[in-house]
Each structure stands twice: as C-alpha cells, then as structure tokens.
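Both complexes below contain subunit A, partnered by subunit B and then by subunit C.
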Partner chain A sequence: MDSRRLPRAVIDPKVRQVGFFTSCDPPPARSLSVPADTGASAIVPTDMSSSPPLTDIYITNNSFSSVRIPPPRQVSAEGLHSLGRAAGSTTSVFAHDVLSPHCWEGIQMPIGSYNSSEFMQGKSSMLSPSSSRFDDIDFSEEEATSACLIRTGSGKEAAAFPRSSGEVMMAIKSGANAPAKSALKTASVVKALPEVTGIQAAVPFHFSFEEKDGGTSIEKQNEGIGAARSKQKTTKAERRAIQEVQRAAKAAAKDAGKGAKSTFASSGGALAVAKQAKSAILPSQTKYGSSVASERRVDRNPDKDGKKDVSQSSMQFDDKSRVEKAKRRAAVGHFEARNSVELFRHLPQYEHGPQLQYLESKFFHLDHIHPSVYKVGLQYLTGSTSGGNARCKEMLLAFQEAVMDYSTPPEKTPARDLTSKISSYVSFLIACRPLSISMGNAIRFLKNRIAKLDHNISESEAKSNLLSDIDRFINEKIIVADKVIVHHAVTKIRDGDVLLIYGHSTVVEMILLQAHELGKQFRIVVVDSRPKLEGKALLRKLVMKGLSCTYTHLNAISYIMHEVTRVFLGASSILSNGTIYSRVGTACVAMVSHTFRVPVLICCEAYKFNERVLLDSICSNELGDPDVISKVHGRDGLNDLENCYDATPSDYVSMIVTEHGMIPPTSVPVIFREYGRDQLFF
Partner chain B sequence: MDFQVVVMAGGYSKNLVPLVSQEMPKPLLPVANRPVLSYVLELLEASNLKDLIVVVEGEDVALRVGGWISGAYVDRLHVEVAAVPEEVGTAGALRAVAHHLTAKDILVVSGDLVSDVPPGAVAATHRRLDAAVTALLCITPVSGPSESVSSVGKDKGRKLPRANIVGLDHTRQYLLHVAAGAEVGKDIKIQKSILRANDQMEIRADLMDAHMYAFQRTILQEVLDQKEMFHSIKHDVFPYLVRTQLRSEISDKGAPKNGLNGVDYTLNGSEPASEILTNRTHKCCAYIANKSKYCSRLNSVQAFCDINRDVVGEAGHLSGYSFSAQNNIVHPSAELGSKTTVGPQCMLDEGSKLGDKCSVKRSVIGRHCRIGSNVKIFNSVVMNHVTIEDGCFIQGSVICNNAQLQERVVLKDCQVGAGYVLTVGSEYKSEPLSKK
Partner chain C sequence: MPDVQTLVNDFVLKLKRRKIEGSQASAKQTAELLRSVVSQQRLPYINQATVLLDAVRAVGEQLIAANPVELAVGNIVRRILHIIREEDLTSTASAMEGLSLSANSDDDDNYEREDHQALSAAAVAAAARSTLRAPSLQTLLEGIPESASAPHPSSSGGDSEGKSKSAERSSRSKKLKHDVIEAINELIQDIETCHEQISEQAVGLIHQNEVILTLGRSRTVKEFLCAANEKKRSFRVFIAEGAPRYLGHVLAKELVAKGLQTTVITDSAVFAMISRVNMVIVGAHAIMANGGVIAPVGINMVALAAQRHAVPFVVVAGSHKLCPLYPHNPEVLLNDFKSPSDLLDFGEFSDCMDFSTSGGSPRLHVVNPAFDFIPSKLVSLFITDTGGHSPSYIYRLIADYYSADDFVVRRRSTTS
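== the complex of A and B ==
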C-alpha cells in the first residue's frame, strides 16, 4: 500500500507499445538510472516509478524490435480493471489523496465488503471479474462510461444503476451517518450485477462520494442510463426487482436525507429499510442473476465445448443449488467440508481424507473410469504427482491410454461418445483435485481434437490420430516449450548473479541447471515456505548438481533480497491482464523484489496462459489441507485456511519468459491476439 | 478395473481340529451361523467384484463349497470353484489356477478373513503406487477381550502371540521388510541395501498380515514359475518379493553408490525416498487398515471363538443380522422356556428350543438345538442340531453339529467334535473332544 501504486490507475489505454525480443543478447546491468529511451518509454506513460524494472528491461535492450500495436479491446478493459483494482485494493491510499477525511470511513467500503458477515455479497463481487469474459467487453466498457457519467453527476446519481441502485443509494445516504455499516450494504449491490465486476461497481461509488455535496438528484439522467442498461437484457422479473429496489432506495434516500446530520437512529432506520430492500431483492437476484448470467455465458460462448470445466472453474461452491446440480452430474460423490472458512466457502473445499477413503472403497465400482485415469487421479489426490507440467503430462498420458483402449460402442459416433468419456474422466479428476488452468487448456485441446475428427476415417485411424495429437501437444507445448524458455532465460543469467527462486518450478530448475552447464558463475537463493516446503526437493537437486545455494524461508525474504540480482519464478497460469497465478507466496516474493528494484522474471509455457482476468486470489483459488498449517489443541472456532495459489499483479513483474519470447506482462493479450487460441492451445 | 480375484478357501485345516470334519470343512465353519466364506464373498460383492475364483483343497470340499455357493449366491455372484490337491499350499493353489488369470492385477484373498476393510482400498493403493505387490496389514487386536484371560487352556491354544515384524518406510506406504512370527528368533536381520536406500525404516510388530494381497499378474506368475519350491504365499512368495525389491541395485555396482549420495545430501531424511524408489525393480506396498475397521482371520480355535463373539458383539454390522433391543439376535421361531434369559451379544437361531431357567450369555446357538432346563452357556459356540440336556454348564467351549451332552455335563474351554456324545455328569476342562 505504498503511494507508488496510486497513479497506475490512469494508464492511457490508447497507445500501447509492446516489444518482442528477437535476439538473446544479455541485457546490461540493472540500470534504473538509464534515461528513458524515446522509443520505448511509451509503456509507462504516467508513472515511471511504478514499474521501474519494466522500463529497465525495455529501455536497455537495444536489439529488440518494438512493435507498435493499437490497443486491442482487451486493453481498454484492462485499463478499466486496473482502475478498478486501484480503487478496490488500494483504497486507503486513494482516499487519502482524493477524498476529504470525513469520507474516509465510507471509502473503506470495498474492503468492508470482504467482511465475513456479508461474505455472500462480498464474494459475488469478488467473483464476478473472473466470470466476466471478454465477450462481455461491451458491457464493461459501458460500465466505464456510466462511471464517468456519475463522476460528473451528483451523489444521488448512483441510483443510475438500475439493479444496483437501491442499495448504492442506501449506502451513500446512510454512509453519511454510519459509513461503516453502509459499507457492508454496498456489497450486496454487486450481487444484482452478476456480469459487472464488483470493483467496477465500486468505482462509480467512489466518485459519487466525492461529489456528494452536489446534493440534488438528477433522476432523468438516472433513468437514461437505467434505460440504456435495461436495453441490455431485462426480463420481467428483473424489472420488477429493479423497481422494488428503486422504491426502497427512494424511501431510504428520504430517510437519510432527513437525518443527514442526525443521530444513529435514523441511519438505523435507513439500514432497516435497506435490509428489507435487500431481503426483498435477494431471492429474485439470486435466481435471475445467476440464471441470466449462465444464460448469457452460454449464449456468448456457443462454441465452448468444455462447459463442464468452465462451470467447475467458475462455480460457486456456496451456491447450494448449483452444487447440488454439479453433484448429480459428477462421477463420484463429494463430501461436505468440516469447518471451512466463511470467506472462502465458494471455492471447492479440501476434502482429502474422506475423499481418498471413499474413492478407495469405491475402487471396483468406478468401472467406467479407465484404470490409468484412476491412478492419475489418486496420485493427484495424494499429492504424489504435483506441479502444473507434471500433472498435465500425466493426465494426457492417462487419456492416451484410455483412448488406446477405447472402442466405439455400436451406433455411436466416436466424436460424441469419446468426448463424453473424457468428460467423465475429467470430472473424476476434478473430484480428486481441482484442475489447474493448464490442464483445462489441455482438456480443451483434446476435446477440440476429438470434435474435429473426420467421420469418414476408421476408428483405429482416428485413435492413432488422437494419440499422435496428444503426443504432439506434450512435446510441443511442454517439452520443447520448456527448452525454448530455458534457451531464452539463460541469457538473462550472467556471471556473478545472485538468483532468487521460490517454490519448485521445473522450468526454473532447468534454467538453473542449463546455466550451470554453460559454466556461468552464479549463486542461488532458494526461498521456501511452509507447509509444503517444496523448495527442499529443488534444493537437493541443485546441490547435487554442484550449484551453490542458500536456503531460506519466506519470512527472511526482505533480508536476503539485498544481495539478490534476479528473481526467477514459475507460474501456474498467466492471465490476460498480466496477473501471475502461482504458488502462494509468489506475490510476496515479487513485491519484495519490486521494492528492492530487483527484476522479476516469470517463466511459463504459453499453454498455461488463460484468457480470464483475475484481480485477486480470493475469487478463484485452490484450498489445501488446512490441518497442516497449525496444530492447536482445543481449537473450537478456529478455522485454518490454506490457499494454494495467489495472484501477483502484473506491475511487480518485469518480464514473462515464454516460448514465444520474452514479453512484458502487459503484453500477454498480445500473445492471445497474435498467436490466437488456435495456435496456443490447438 | 482389470482385477481378478482368487479366494483361497482352504480345506481341512489342521489348526482347527476338532472343529472341522468331513461334513464341515473350514470354509463352511459357521460364524454367527453363516459359513465363514460368506463373509469374504459378501465383502467382495459389496465392492462390486462379482467374478471370483474360489480355490479349495480337495475334491469333496469343492463339491460341498460349490454346492453351498451355488445355492446361496445363485444370482449374485459368478463363482468358479477350483479344487486343488491338499498340501500344495497357497502358492501351489495359485499355480493351479494360473491359466485362468488374465487380468493385469490379481487380488488374492484368504477365505477365512472376516473383515470390513474394503478390498478396493488395497487395490487402489496398489494401482496408485504401481506396486508389484500390496498387502493388507491390520492392527493386531490387543490379545483378545479380557474375559478370555480367565482360563489357562486358551492361552495354551493360542500360545504366545507371534509378532509379525514389518518394516515400513517413513510414508508407511512401502514395505521394506517382513518376517512372519514363527521365523523371528531373537534378532531380526535386515538387508543393508534396503535400509540404505531408504535411510529410515519403521519396524512394527503390531501389524497383522490379513492375507489380502494384490499382485501384478506378470510378476506373480514369473515368481511362481521360477521358484517351484515356493509353497505358501505368505511365507515364501511375499517375503521373496519384499526381499528382492532392490535386486537390480544389488547386481549393479553403480546404483547403491547413487543411493549413498542421496543419503548424504538429505536434509532431514524424508525426501530421498521418492527418487530412490524409482530405482527399484518392483515396489512392495502395504495398505494399513484403519483402526476402526474390523479385521480378523479364522485360523485357530481361539480365533474361531473370538470371531464368533465379535461378530455378534462389537463387529455386529458384519453379521448382516439386525439386533434386537436387547442387543441380541433371537430368531422368531426359537422357543424359550420360562425364566430363561438370553443376554446381550447372543444369537439364537431358527428352531432352537431352550428349557426353563436357562441362561445364555455371549454365545451363539445354531439351528434346531434342543437345550434342556437349567443350562448355563457362557462364551460358547453351539452349532446346529446339538442336544444339551438338563443341568449342563458350558463355558468358553465350542460344540459342533449333532453333538450330544447328557445331564449335568460341565465343560470349560473344550471343543466337542461333531456327533460326539458326552455321558452323564462328565466334567472336562481345556480338552478337545472328538471321535477318534
């Protein structure tokens, strides 16, 4: 939360400059003092200091061919997101600068919305960014414009959001009296806008606060925007819900307006009304909100065959009806987790113990699961196979075996039947452990291949095609990709470097060993963290190869960072806003290195890229075994939480090394655009 | 799931004389009035294993067992009964049915197992770890329930509990050493190479081999073919596999050195196993059953009594009967005289008649028994068609089919063979009684 992050909210989305490294010249030493080259400085138009390593790498490398790329649609969305993020996560800073102190408490709202007492709403707000796809771009852009509108309008104009209006209003009004409480209310607003990210909703909110003194309501404008919104898609029930909210909002506004300077009592009244309104709207919200959302998702992605996987990744595990549905569909049963942490209840809960026992005892009942798939699933469950590449490879090999043993039942086409088989395998694997994003991509690839099978060729031919396709995927996307990444990244290691690594990334390990083989003289700092202590295995391998290593834990990172010159990290996935989704702790390492002006290089194969956008690691994560965190006796009311991953914002990352070259994190969408889904995954 | 199941049902076990007889081979010995083999078959059936091969010793036993199975499981299981000559041992029995085995893995289960450990768990562990052999190990019950300590004869029958020595790696998944109780002298010899490769071994004596093994078929058949002397799975095949799990390393000079390096660079001794295990020629794994599971083998007279008591008592869910409010099972057609009490954890089957003032505690009484007045039966098993006349006192005994006890017989810890007649007023203590 330092002030350096503040201005990045205003990245100009109009011009983007993206570089591809074509040569592998080693860059000169870290040089923050190098004056910005005119050709390359466009990257950080507003604030140099916010991402110095970034400029560093760009500016100092003379041999790259910079490409001027007009901003793709994603970029504007990204800008918006970053805006939202600035507003959402760095509120305190923001508030200091922009707002008068009396608004201070009210501004905490987005943070307040994470309050567990309102976690349902908070969660939905957090979740929505992930579910909003680029297909929804128009939508979010419109959000942005409406946000601007609001900035110019008055506070009451928050009612412009038809579905959210009631409670935004409430929040604002009662915010004057009891800001903290109203903060909780706002969260539920977002619930009504399933497609809109919660943080986006929070943005207009801010501005409306700023201008609150403006006072009078401009209903016309509200209606205008409301109409615009309702053109989007409003069912009858939705409109009714909107009306209700507006009515409630008016009542509350009156209430709050009266008691603008008065006591808590009136605000309590407002609150009561607010609650009432909320309870009135909640059922319809949940029903229509989710149905509309799913409807839309289906509408807009008609070509998406991996619907199941999609629903898994964006499924809300605290939404009872959907969990029930998923359960019925699932190949194997799920278990209710015992004491889950409330805020994280929307994630698939960790259920290793009962799940393992269940699967083991049902071993002979799961005849429809191919033995090799079963084996891989159990290995995931027990953790004997871990790591994105290994898991993906094992899964594909298991599928390969399954395909090999597959024979089309009579009167069925292999394309359909095999797809459903693979789907059932996948749901079994999900029951063992949630899929990683890379695995999702691999599955999509396989299904796509199956769907594209020629109907005219014989079954054996089709099978051999599939087998070779899988082989090719493993080879091209994983093995060769790793080699290319190593080839690129080794050029960034120079004699005398001190490299910091975290976790256990196979690519990073390969890079280090390769650099060692090339005879480079460098030292390694292996940073590890509880509870998995994955660094130890890596340390062992490195030490056995004769590399000089220092081993430390994450809590000593600020101490050790003084001597580090480069940070190499792996990633589980890279999302299109440049966010790095990786082993928990990675964000911490990246932030500390950023603070110390140490370049952070993320090594990740392109098949792990995902078009989703993630702003935090709460809305989408994997939960690990909570019991390994602490052993406290007599632990009533203590709920441990172990998330396996975290999201590193792109501004802490200097460079992403992929097989397509070394790119800045802001250029991840370019990979999608230039190489496209077809080339990336298929 | 590509598994085949072989049930080793056995024949006339010497350990169970005088309980077994021509009419009553070991697989058909009643446990809570159901043949002991039914427990295994139903356990397998519950795991969706319906194609079974049951191997029995002797043709006549095969006839009996086959007849019973085809009657009891006519539409439920597909069972092939194979007869092998007596005294070929379990390994010989496997050899005899080897040509029937085609699946990737073979599950070998002893027919005298009374357990609720799902076989799927063993199979799943086997698959997951890609093992050559996986054994089911159970926690040995702590020397039987307390009330059986009372008598000397039982201890004699039981001898001392033979400690099975089992060596496990730190994850308790891999078996590094096995030694059956009888082979263990004063000291245990452990192979250095195995110890070195794992640098940590947990020796346990509280685990019992439940005789449920999952084998990789190719390895099993190779061993059976090469080692023709092998007689028993437990005593020969299984220990052989465990012993030779590092054989390739022993023959190869380079490999052990590699292992040494692994040890040197170990940080806390917990990491290297995963890597070194890949060097093995085959992996021997163990599935250790949860303590809450019941697992017991009917391989001695004492075990017969214990299992009978447990199945109507603490492991009642195995019996498949529903217990009454008094925690006992009394068939509706059983007749009880006045002032006769049947205590908890008892079973009284179809058509049995008890006279007046009888007392039955912790006992199993079979079908159509006629029991006179004033008879006390404690901790005993009374099989079918037994006649017990007035004033008998029976404690800790087993009375086989068609036996007859005349008035005022007192039995303590005895086994009465089938059809044996005890004369009026006789008293016996800790004796096996049967027709010569």
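== the complex of A and C ==
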C-alpha cells in the first residue's frame, strides 16, 4: 500500500499544479468541496449539477483567502510542489527530454510569476491551492495543465506538447462523458504516455481510478500501455486535429473531470482498488518504477527546498507585475512603503507599523495559524525576539507545539498536509519578518523530516518522531554546536588580550564568559552602532559578570583598534564564497581590523552555512524600519535606509570558528563538501 | 591693553570650554581677536614688526594652549604672524626704495624671500634664513652678494628701520599697522568666503547621476553639494548619520530643503553602500602638512571603505584648515574626547556596577573620541579655496601661507 501511495503522491502534484493554474482562483478548502462532490454520483449530469456548488465554494473561499494567509495553499503547495518537481525530474530522467524539460518550463513560468507573491514558498505556494482539492479534481486539473501548456508554451513546446495533452484531453473528455468508454480512454492516454512522460505517470493512475469506477479491468490498461508503446508517434495532422478537438472539448472536459473527480472521491473504497491498479501498472513499466520515483522525490526534496529559499531571497520586488500578483496572493496584506531607496527596490520594504496593527486585528481570522506560531511571528515583528539562534529556536519550538497539536485530517497523508501547514506557518512568519538564512535551513530540515516520515507508523508515533527530531536539531545544531565553538574559541584568548566585539552574538558572549570563568585576564571593547544598539544589552551582561569593558561607537573604531588584539564577531550566515553575512556594521569592523592587522575571528554554527554566494550587501538584504533612524522631524522627500545585514568580504576574515573546527574562510565550501548538506542540516 | 586682555581671556575661556564649534568659527574669531590685538598694540619707533610679532605670538600662545586640538586657531595665529612679516618686508622694501636703493633688486629680493621661505618651510628648516638663501638667477647674474642683497625680514626689520630717517618712521609705523590690519581683514574675508570659492569648483567635479556619500555634517560639504545642485546637476547623496552626534540628519534635512535627492544611512551601512557610490566627499577638521587629514570621527572608516572599492575620496576644506604641523600619533595627540553621555546616559549602568568587588577601578570605560586621522594615502584629492590639490602637494601649499619661523609658535614665545 505504501509503496503505491508514494509514487502516486509523487506523480500527482504535477497534474495538480497545472490544474491549479488554470483555475487561477485559490482552491476551496478541499473538505468543503468534497462533501458537495461526494453527494454527486458518477454520472455526468449529476456531476454537472454538483460542479456549480463547487464554484460557489470557490468564490467564498476566495474572499476568505485574500484575508487569510494562504496556508492550505502554501502548505499543500509545498508538498505538491516538491512532488511535482520530483515527477518532473523523473520525467526528464527517464526519457523524452525534449518534451519534458520544456513543458515543465512552460508550466513553471506562469506559475513562477504567480508564485512570486509568496516569498519563501515561491512556486510551491501557487500550487498549494490545487493541492487541497488534489484528490477531487484530478481531471479538471489535468485538463488545465494541458490547456496551460498549449497556451503558454513557446512555439516548440506548444508544438511538442499539444499532441500528448490533446490526447489526454480527449481521453479525459471521453472518459468523463461516457464511463463505458473508459477502456478506450485509458488506451489513448497510455498512448500519449511515452511521449509525455511527465504527465504520464499521473495520468495513468487517475485513469485507473476512473476505470475502477467504470468497472473496467486493469488488464486493459496494461494492454493499452503496451499498445501505446508500439505506436509512439502521431502525425502532425493528427496532432492538429486532436488539438482542435481538445479545444472544443475543453469546457466539457472540465465538467467531466469534475464529475470524474467526484466519482473518485465518492468511491472511498475504490481508492484501494485504484491503488492496486496503479501498482499493477507500475511493475509493468519498471522504468518508471514507483520506488524510483519515490526515491527521486526524497532526494529532490532538499534541493527543491533550497531553491525555494533562494527564490524567497531572489524575489524581486521591483517587478511591478509580480509584486501585484504577490500581493493578491499574499495571506497577509501588504502595505506600501512610504519611502523607498532606489537601490533597494528589489527587496521587501519594511512595513512594521501597519503590519503589526493588521496582524493584530486579524488575530481571530487567521485561525489556521497555530497560536504559538502567531506568537512567535509577532515577536519577530516587534523585535522582542531577535538574533539568529533565538529566532531559529523560537520558530522550531513553535513548530513543535504546532506539530503536537496537529491531527491529520481524514483522507490526507500527514506528510503532505503537515508540510503544507508548516509552509503556511512559514509564510506567516515571513510576513512578520523575512526569514534569516539559518531559519531557512531549519525549515528545510523540518520539511525534510516530515517528507521522510514513514507512512506505516501511526500518527502519534510520527508526531513524536518529529518532535524529537526538532529537539535534536535544536540541541545538536545550536546548543551543542555553541559549546563546541566556545571550546575552540576560548583557546584563542590569551592573558592580556583586548578583545573587540560588535553587535550582540550569543555565541561570542558565551565565549567571553567562558574565558572569564577560566580565569583569563582580558579586556573587552564593545563596539556598538545605531539603530539597534544591541551592544548595550551585551555590555550590561558582561559588566554584570565582572568583566572589564570599554564601550564605544562604531565610528570610533579606528581609534580604539590601536589597542585591540583580537576581534570576535558573530555571523548571521556564512556563504560558500567565504562571505560573512552578518549584522550591518560587521564589515566595517572587519575592514578596520584588517587595516590594523588585527585578527578577525568569526564564530558561527555550521547550520547557518549556506551554499549561496554573495558579492555585495545590496542584492540580498533585509530592510529595517527607516523611522528608527530618523532623528529629524518633518523630512519630506528624505529617505532613510536601514539595511539589517551586510556582507563582509572573506579576505578580511582570519578565521571562522565552527563546531567542525577552526577554518579559514576559503574553506567554507570544503565544509559543504566534506560534511555534505545532510550532515550539516539534517 | 586691558581691553584686549579681557577679550583674549574671554576667548581663551570659550576655547577651553569648547564653546566655539567648528574650525571656521574659531578661525574667524581668532583673526578678529588678533586684529584688535594688533590695532591696540602701541608700536615703538623702532622694531615695530618685532613688537607686533611678539604681541601676537604671546596672545597666540594662550589661544593655542587653550585648545590645542582646534588647529585652526594656531593656523590663524601663524598666518597673522606671516602677514606681519610680509607687510614689514614690503614696508622695508619701500623704505629701501625711499633710500634710493635699486627698486628692482628690492622687489626681486622680496620675491626671492618668499621663495626661499617656501623652500625652508618645505624642509621645515629652522636654520637661519640668511645662510640658506636660494640662489636666484638674477642675483647670480648681477653678482649681488646674497647676504647684502636683502635685509633679514624678522630680525633685520628693526635694523633697516633704524637706518631710515626719523621723519619717515611715524608714517611707516602707522603704515605697517594699517597694512597688517588690512591684510587681516582680507584674511577674515577669505575665511568667510572660502565656501563660495570651494563650491565654485563643484560643477567640475560632480557629474550627472553621480552618487555621493558623506558622513556627518560639514558646512563646506553642504555648500559644495548645493552649488552643484544649483547648476542643475542632478545626483544622489547618501549621508551617514555620523555617531555620536548624528549631525548627518541635520545635513540631510538641509539638503532636502534644497531639493537634493538625499538618503540617510546608518554609519554601519557605510561599507554596504560604498560599492554603489561614485565619490566620497567629506569635510575636514584640519589638513596636516603631510597630507593627512584630521576629520570628525568615523571618516577614517569611510576612507578605508572607499579605498577598498576604489572610490575617490575627496576632502573639501578652506585654506584656514591647512596646518603646517606634521602629525605624530594624531589619534591620541590631536584628538579630543567628548562626554560619555553621548553614548550612555548618566547612571545607565550604575545598577550593574559593583565597585566593592573590582577594587574601586571602574569596569566600564566609555570612549568617545571626536576626531579621526586619515592618512594621506587614503585621500584622493583636496579641494581648497585655492583649487584642487593632491595630498603630496600640501606641504608646498603650506609654505605659501606660513613662514617657517612660525611653525612652532609656543616655543618661540616662551623662549623669548
């Protein structure tokens, strides 16, 4: 059962993804649509009647969704997306490269633009809506896909794809209209298969379900596949004709698809049978073996997530149309930044004030957001939780609570549903404050864990596994890692040293306290800078512990640097070209230290490493509240800019202290190579 | 005299209490004070210049001692000393003329003297000028013995005067004073108008769509940018706020009022932004003889960042900020320390300070320096009211304004 299930999951997403696209509206909650559908019988007329309610639901949902965060959407999107990807990848791997990559691109492009609304989720978010009605609307979605392809495809793709899609469409149509013809339909679909590998996997399965309903046998399908194989190519004229037919039949097909879907949903028992059918199919085509697909999917997952992370950061906010779409999609409303600096138009503008009020007012509407996540989000927004480790920890703990309270809705797999839930939480958190890279890594870890959940185990078991995984992550990657870093770094402090620190890094603080406890005699220079003045809090802690400190501001650093012998800095992230992405001002400190020939030590846990590269601090950054900066009132036309991070070139850094040891900045990519992302993050 | 003395005392007090802010204000007020010193100084019939020099030097010593970090005060004192010498020389020359000496040779002499001064200034030579006279082509050709050709201005002024007829003395003494005061007035005028002269050069240095970064607030920079803006150059300005006083916000407001595209950034964002900046323009507190700059705190950081990104680093400053001294350990010796209250409120950390355990020595120091020293290698260009100069030329420029004898005002006056 499980084996069957997995492949299906893998394959399905693609179809859904497409379907979602066509429908364009955020999908209704599946639970809503399902009851309506289930009532309907397999007969087409009834389906038709059932479909109107569906659309109604749609609309209502829509109105909701504009307000609420699109969690279901995103979440499911996440899962789906990954699935879709996996499917896509399998396609390309297996064969028909010509078609599959292109068509995928074709699909993705519209999606991408659509997706842009969600930073983090990127593409997946758009998908998610479809995911919710995943099971129900298979056909319509497929149709949508094909339609989509035809529409969007550039000449080549369009030419290549229509053939298959057309066939699929036809098949669908026919199938929907006349269940009796299901066998025929399957055959045609199957015929299409070889060429359209990407869709293929999904299609057969769905059809197989239908067949069940129709009462046709699985064997037929298998035969059909064989036939399809033998007859690989259709002529151009044929394709044309098919296309025509398909176009004409679109509406009908859609309805039919819905009908089919409803059928499928209604026949709960049929599911298992369908699965069997699936399994029967799969063995026959070992090439597209489900096991392979599932493997693929697992492997792909992290990559996909990684891409998503990138997409979040690479979401370009200067692209008007994308931003518009993003806004429409966004769960939480966006607000126009009052003043924005030309150079930073591509970054999400800071919108604290209105955002906070908005979120507070929406408290009772955002009921799909777990309260603990909501709390953490507001903490981010107000800044009461800040700092890479603290934010990451809080987020994971909130997710832990959310997982604890989670119960799988009926007819959903925990892996998919929970992933989509987490994604919705993440999108909420992003709305509160853009994620740090370390948080992105942690989320990737969590999703990976969820995706790897064994389907055999019970829900409570799965949950407890997840909880302990999160605990382990916090413990291993943050707490223990910090201890190891402290252990390493303390050896670099000698008696009589004058250590300069900047900002408020928890691990650096621990190092200093540890060195003090070891009885080392040293002095600390705390350098601080507006707007956060985080140094003050650190200074207070250090003075309380009895360390001797000198406090100064960043501008005075070239004065104070004469007496400094070591510089200890924290980092928000370390990128694979050795660039240190850290609290703004770190680069200045490192630069001056470098000029004065003072060694710079960066202390950073390995879970904050990221494979991205960065050359300057402008391409990727986070904008803070410009009002915090301004000291003069009545500034019309005056822009204030607060960027939260900057990128320190690697040549200013003498050493990076991680739990894996002390390395030069040039060796950051080596850490990736040697330890691999699995060990680093998962 | 008591009149002057009270004025001087007032001014010294102001300087000591740092009531006078900015080198332009101090320069101007110093010049005005010294003008009144000169005008009230009673001159004997002989050795007028020496007396005048001594009087100015005595006052100047007090002023410099009052705030050694405000280098503009010392600069003005030195320049007035230089003015007195110059005027004395011209009057001597005219006296010589009256004595029917060759006007030609005299003029040349005068000229030479300046030349020679310049050279000696360049070498920071303390050696006697008479022996160091640079040979000029004319003197060589005409074969006039150098020692005889010109009276030594500072020491021989009195001599020549002694030689002159008593009838001319009174008129000449008045003339000297008058000339000196005229010259000081010109100097004050120069100080006041240096901004205009500097900003005239703005258009030639700022191109369309330029992105300029500055830190803190400098009036010279403001005038410079505004002048370029008035000439219809459109460019963008990033202003680092300039901790601990955050005067960058004030500058930003002023610039916005003039219609410039202005963005305020935090000091910490300087490194992040500098890669998108075409030029850094900052004001200075003083320009040292070796081309180094003493500037408001934080600018060294900007200069280093600019160097890293190969962004031109331009210092705009009036010539009254040219200081003939060579810096030694300027971060400490030529620095001023402001109140810690800029950084921490009074008593902010008193709750966590436990003096009983730390043996009475405070565990928390707050450092709040006022100035940075920027080595000359980080500076691309100086824009003064006399035009643009490279850092390596500053030592020569200084020789135009100061006579080498005055470089050390204090020691001279104390020894004498």
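Convention: the second predicted complex is superposed on the first by the 370 of 682 C-alpha atoms of A that agree within 3 Å, B and C clash if a C-alpha of one lies under 4 Å from a C-alpha of the other, contacts with A are read in each partner's own complex, and residues count from 1 in each chain.
Everything below uses one rule, namely that a contact is a pair of C-beta atoms (placed from the backbone, for glycine too) under 8 Å apart; a residue touches a chain by one contact, two chains touch by 3 or more.
Model, not experiment: these values are computed from the prediction.
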item	value
Touching partner for A:Leu378 - first (subunit B), second (subunit C), both, neither	first
Comparison of subunit B and subunit C by subunit A residues contacted	C
Subunit B versus subunit C as contact partner of A:Ala390, first or second or both or neither	neither
Partner chain(s) touched by A:Ser361 [first = subunit B, second = subunit C, both, neither]	first
A:Ala537 touches, of subunit B and subunit C: first, second, both or neither?	first
Subunit B versus subunit C as contact partner of A:Leu467, first or second or both or neither	neither
Contacts of A:Ala415 with subunit B and subunit C, given as first, second, both or neither	neither
Overlap of the subunit B and subunit C footprints on subunit A, listed as residue numbers	536, 539-540, 543-544
Contact footprint of subunit A on subunit B as seen in their complex	1-3, 47-49, 104, 118-121, 123-125, 127-128, 130, 261, 265-267, 271-272, 274
Subunit A contact footprint on subunit C (complex, rising order)	236, 241-244, 246, 249-250, 252-253, 256, 261-273, 275-276, 297-298, 300-301, 304-305, 308, 331, 335, 343-344, 349, 352-354, 357-358, 363-369, 372
List of subunit A residues in touch with subunit C within their complex	341-343, 528-531, 536, 539-540, 543-544, 546-560, 562, 583-585, 587-588, 591-592, 595, 616-618, 621, 629-632, 634-643, 646-648
Contact footprint of subunit B on subunit A as seen in their complex	357, 359-367, 371, 374-375, 378-379, 382, 384, 536-537, 539-540, 543-544
